[in-house]
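Two complexes, one shared chain (chain A), two partners (chain B, chain C).
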Partner chain A sequence: MTQLRRKQLNRGLVFLLFTLPAFAAILVSVEIPFLMSVVSSFTKWNGLDKAQTFIGLENYKELFLDDQDMWKAFGFTLRLTLGSVIAVNLCALLLAVILDSDIKGKNVLRAAFYVPNIISLIIIGYIWRFIFSAGFDSFYQKTGWEIFMLSWLGDVNIVYFSVLLVSLWHSLGFYLVVYIAGLQTVPRDLIEASMIDGANRTKRFFRITLPLIMPSITVCVFHSLSNGLKAFDVIFSLTNGGPGNTTTTIALDIYRTAFVINRFGYGTAKSVVLFLMILILSILQVRVFKRREVEV
Partner chain B sequence: MKKMLVGLLALLVALSPLVAAGQQEKKDEPVTLNVLFYSPELAEQYNDMVAEYKKATGVTLDITVLQTDYRSVLTSRLNSGDVPDIFMSSAYADNSTYKDYVYDLSNEDFIKQIEPGALQGVISDGKVTGYPFLVQSHSFIYNKKVFRDNGITTLPKTLAEFEAVAKKLQANGVQPFATGFKEFWVLPQTAWQAIANVPTENYGGYEKFVGMLNSGALKFKDIPQMSQLFDLLDLIKKYGGPKPNESDFNDQTSSLATGKVAMIHQGNWAEDSIRKTNPEVEIGFLVGPTGNNAATAGIMFDSNQTIRIAKDSKNLQAALDWLRWLTTSEYGKNWIPGKVKQLSPIIGAAAPDSYIAKETSALLASGAPGYPWFYQMFPTGTEQQLGAILQGYCAGLTNREQTLDALDAAYAKIAKAAQ
Partner chain C sequence: MKKHSLPATMVTIVLFILATAYLYPLFLVVINSFKTFSEITSNVLALPKRLVWENFQNAFKIMNYPRYFLNTLLATTVGVCGVVLVSSLAGYKLSRTKTRYSFIMFMILIAPMMIPFHSFMISLVKVAKQLHLIGSPLGLGVLYWGLGSSLALFMYHGAVKSVPQELDDCALIDGASPLRAFFQIIFPLLQPVTVSVVVINTMWMWNDFLLPLLVLSGSKKSLTLQLAAYNFFGLYKVEWNFAMAGVLLTILPAILFYLSLQRYIIKGMVAGAVKT
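Moving on, here comes the complex of A and B:
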């Protein structure tokens, strides 16, 4: 064995040793439970009986052929995700640009937009539930505006926007921070150079700033995408999936299948499918966005 | 640095016998029972009972009280082996859900002190699988003052009479109902009561009725009386104010207490919240309409909340002693009627100081039918699923025919999974 190869081997060994603790921890707390749930997804089990019955692909068959509720929930989740990815990123970017410029009280405003992000979504759901019903009632009595008399949580055509509004209000702060950080990394000299070349405000933004903050956009879109697909807590406390099942997301549907109807096997089958969907969408999204990032 | 480390280690070695001694001592301490309950509105009463029991016997009950996620927490705790010594669940279908975990109380002496009627819901395969916690009733609660002020003297019994009362109230500017449609458990309670007479009249009793539904021999869409159910929901929605789909439990109780609405469909557990909002309020209990036959209009009267003892608990004897104390001691006997202020399932227990409990007894004495909570015999999980479908009907998502199909499809699925 040559000296070089021995050195390489040594290095590999050191690398292995250093990663072993983390690897073991992740294996025990994430990977093994995940594999166990994949196994559960092939069984019929109510979560309580001590025996699990193996039923092969029955759960997956039912899921793909005979479960309209799940696919309705899937459709709603996709609509909600699409809506929130667009709304959250546009609003956050716009606000970030405003708050990154020299306006008065920008620090106070930044803090104000961030505050809702600190509060748990469950609590925010309950607060907004109160605002939509009792709060809007008294607004209506004060102002007489019809908009407050709409049934924001009870009308199947409006409830989508109520959910979107609340999740936007909650998550805006986080994305705002990421975008502001991104904007601050844009080198001033590039902006100045473009000014000298005669680029106006809009051109400067689209030609210089936007390409340079592409990494922030990748992070934010990725984050809002996976959060949208996993939406649970805001729905749970705000609408509980209602009225009917109009605002039931996949995550809530899985929760109910497992814990309310006591079909753990079927519930895990659903979550395996959800996992695959998030995985595929995230990989696609990161690939597409990474390609557009530029280096200064 | 090294010195410090050695010093620390030495200290640790020196102290360890002390710690060990401490652990040794713990073994002789009196038992602590691990309890998982729901109904957080009773937290005060639970704590009062715990303190009293500690005084009487020295045994501590460590109670965790939850509400919305109770079932999921219980399931995960049972699953992970962290089984509470004592826990709660519903009666009927839950008897078989928790069959692997509960202790059979059949041979316990104190079970003989319980009203046989209250035991029906916990008996499964001839075994007494739980202890009926209290007897509850649900139907329409009304604000007596609002009825008086609007000149309503005859209490409604049939659908037509309810509609006439609602019309009159609406004309006088009073909102007749607060719907509670946002709560997934209020809707089924309201709905199933409207056909409570049907299983015995047409299908030879509740067990047969549910058995036929479970096997698929009977479908909801083949039950003509389902129209009674939809008619009632339509009526409540029509006279349920401008936002009928947003009314929840809090809205119901506070609106009734303040006299903003005249009637709500609720049970005796709502009385505490109503009286807390307005201590002066006078409330009464109405029979719920089953179509237009006044003779079958009744109330839903059953013992559903069930205390269960874990059979593998190492404190099994202590848990049984606690139940015996709850059934036979002076304080225990008086706890449900006196403190919880609901009807007790114990034979010869005192009557509680509660409007609804008193009116429940009066209604039953006057010959109004008291129906069991037969929808609790449906397989576990139907309450939420069918509730969501009925909620969809009330929100205008589906018409009657589609709703019936959806109910049948959802029921068949859950029944199949529960086999």
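Moving on, here comes the complex of A and C:
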């Protein structure tokens, strides 16, 4: 009996020895701060004082009832997310299908499209600031095309597309390689069988390939959705939320609320809302997309 | 082997043109970092008349490049090693232990995959301050342990299932301690996952901006390269020749890393994406 118990105790200790470091690290860096944020969202707190005054739902009331800037950021983030989810997935899937076919040098091409993805988004923003200003001036001188004379970062109506373009340029390679990996799992014999049955290229793609790579689509849409909703770095360096407040995303708004105007309590309320929004949209998306996945 | 038909050749050519256009902005960065300021203002597209290395000397000095390079290297190394260590240990044990407590622990440890960084960053700064993890690259590296471990642990947890349990049992019967059995027998077999984990975390930590901004920007000596680049651009909003030299210096390590380990990087990133 005692031997059994000692063995159990020993097993428990070994279990703790293996799992405690990860548990401690995750608790400290993620879970405790997250719970603290939830608590802080019900307080007034300037970040400097120790004191946090409990104010109930005041922060949430302000957020939902009179924060124009937040709702503007909310709207822009949703538009940006929608645009980038559609653009990046369509482009990456199309390119992946072409690259997966029988062409020379596809590894070189795949590697080339992936290059922007290894550069930090902060730097990407600065590179494109250069292209949009000095670069486009020279393009205009060379071509005379009006499109290069537009104020790509200064015009409220255009800046959305500039941000979209830069995000697409940065992330396309990542989604491309995920789709290519997905396409490579499609069994060759299924494709050949459909060719014998006389299905043309388009039919083959929509009836065979697309349903079979649904898992890749689920994954890519999931990532592009959450990356869009979390957009921060590229906005920070490319437009810094401007012109005016038109390209401020929720993440940037949270950052400013807390670290620029020192309303930490209010900032945490916004971050709780961001968390819920991403959680709900992601769960919905995965549910809807999972239902369309088929087994081979 | 099929013969390449004419349309296939056409598609290939079009794709290569497209890829060239795709990377053209980076080409512009490279050529303009070697120009004088007046050359840039007259024509961005022209090649430099002579290579102006002074741009790089200037950027190198003003950015304080060597120091911030080493800071970034330190934070990334500490972060990546820690993530690999704690997540492989936990992922292995949680995969092997099939009890209710083990399952609950697993859920607690992977839950952060659903929590976006921006939703707890404000309080994270407070916690980091209290634990004195603020203002040093080492502290930044330690903060990454928890931030990177959930995904890594999840990947290890899945991979351990394909390693036969008999291997652990044999090692234990032969008298190895549990830790030794893990490090000498199991861990080497998990190498493909380790490669993915290292790749994903290296790319992320090296390029991360927001967390370093929150915990390091107060202390001049301990900035990372991304932060230094950010400050540097604040100085040179118009002098594109300096700015582009700074860009090139900042992205060079990542580009070299990518060129030397390209196959592993693409494979690793795909593995990480698909696992979630």
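One rule holds in what follows: the second predicted complex is superposed on the first by the 270 of 296 C-alpha atoms of A that agree within 3 Å, B and C clash if a C-alpha of one lies under 4 Å from a C-alpha of the other, contacts with A are read in each partner's own complex, and residues count from 1 in each chain.
In this text, contacts are C-beta pairs under 8 Å (C-beta built on N, C-alpha and C of every residue); 3 or more make two chains touch, one makes a residue touch a chain.
Predicted model, so just to flag it, every value in this text is computed and none were measured.
Legend: residue contacts after superposition of the two complexes on their common chain; A:Ser226 is shown touching chain C, with no touch to chain B.
In the superposition on chain A, A:Leu279 makes contact with chain C only, not with chain B. Once the two complexes are overlaid on the shared chain, A:Tyr266 sits against chain B while remaining clear of chain C. Of the two partner chains placed by the overlay, only chain C lies in contact with A:Ile123; chain B stays clear of it.
In the superposed model, A:Leu17 makes contact with chain C only, not with chain B. Contact with chain B, but none with chain C, is seen for A:Arg256 once the two complexes are overlaid on the shared chain. After superposition on the shared chain, chain A has more residues touched by C, the comparison being chain B against chain C. Residues 47, 134, 255, 259 of chain A are contacted both by chain B in one complex and by chain C in the other. For chain A in complex with chain B, the touching residues are 44, 46-50, 69, 132-134, 149, 151-156, 240-246, 248, 255-256, 259-263, 266. Chain contact summary for the complex, chain C toward chain A: residues 2, 4, 8-9, 11-12, 15-16, 19, 22-23, 25-26, 28-29, 32, 40-41, 43-45, 82, 85-87, 89-90, 92-94, 97, 102, 105, 108-109, 111-112, 114-124, 126-127, 131, 143-147, 149-150, 153, 178-179, 182, 203, 206-210, 214, 226, 229-230, 233, 240, 243-244, 247, 250-251, 254-255, 257-258, 262, 265-266, 269-270, 273-274, 276.
Residues 71-72, 75, 78-79, 97-98, 100-101, 181-182, 184, 242-246, 248, 251, 380-381, 384-385, 388-389, 391-398, 410, 414, 417-418 of chain B touch chain A in their complex.
Here chain A touches chain C in the complex through residues 14-15, 17-19, 21-23, 25-34, 36-37, 40, 47, 98-99, 101-105, 109-116, 118-123, 126-128, 130-131, 134-135, 137-139, 141-142, 169, 174, 177-178, 181, 215-216, 219-220, 222-223, 226, 229-230, 232-233, 236-237, 250-251, 254-255, 258-259, 264, 267-268, 271-272, 274-275, 278-279, 282, going by the rule given at the top.
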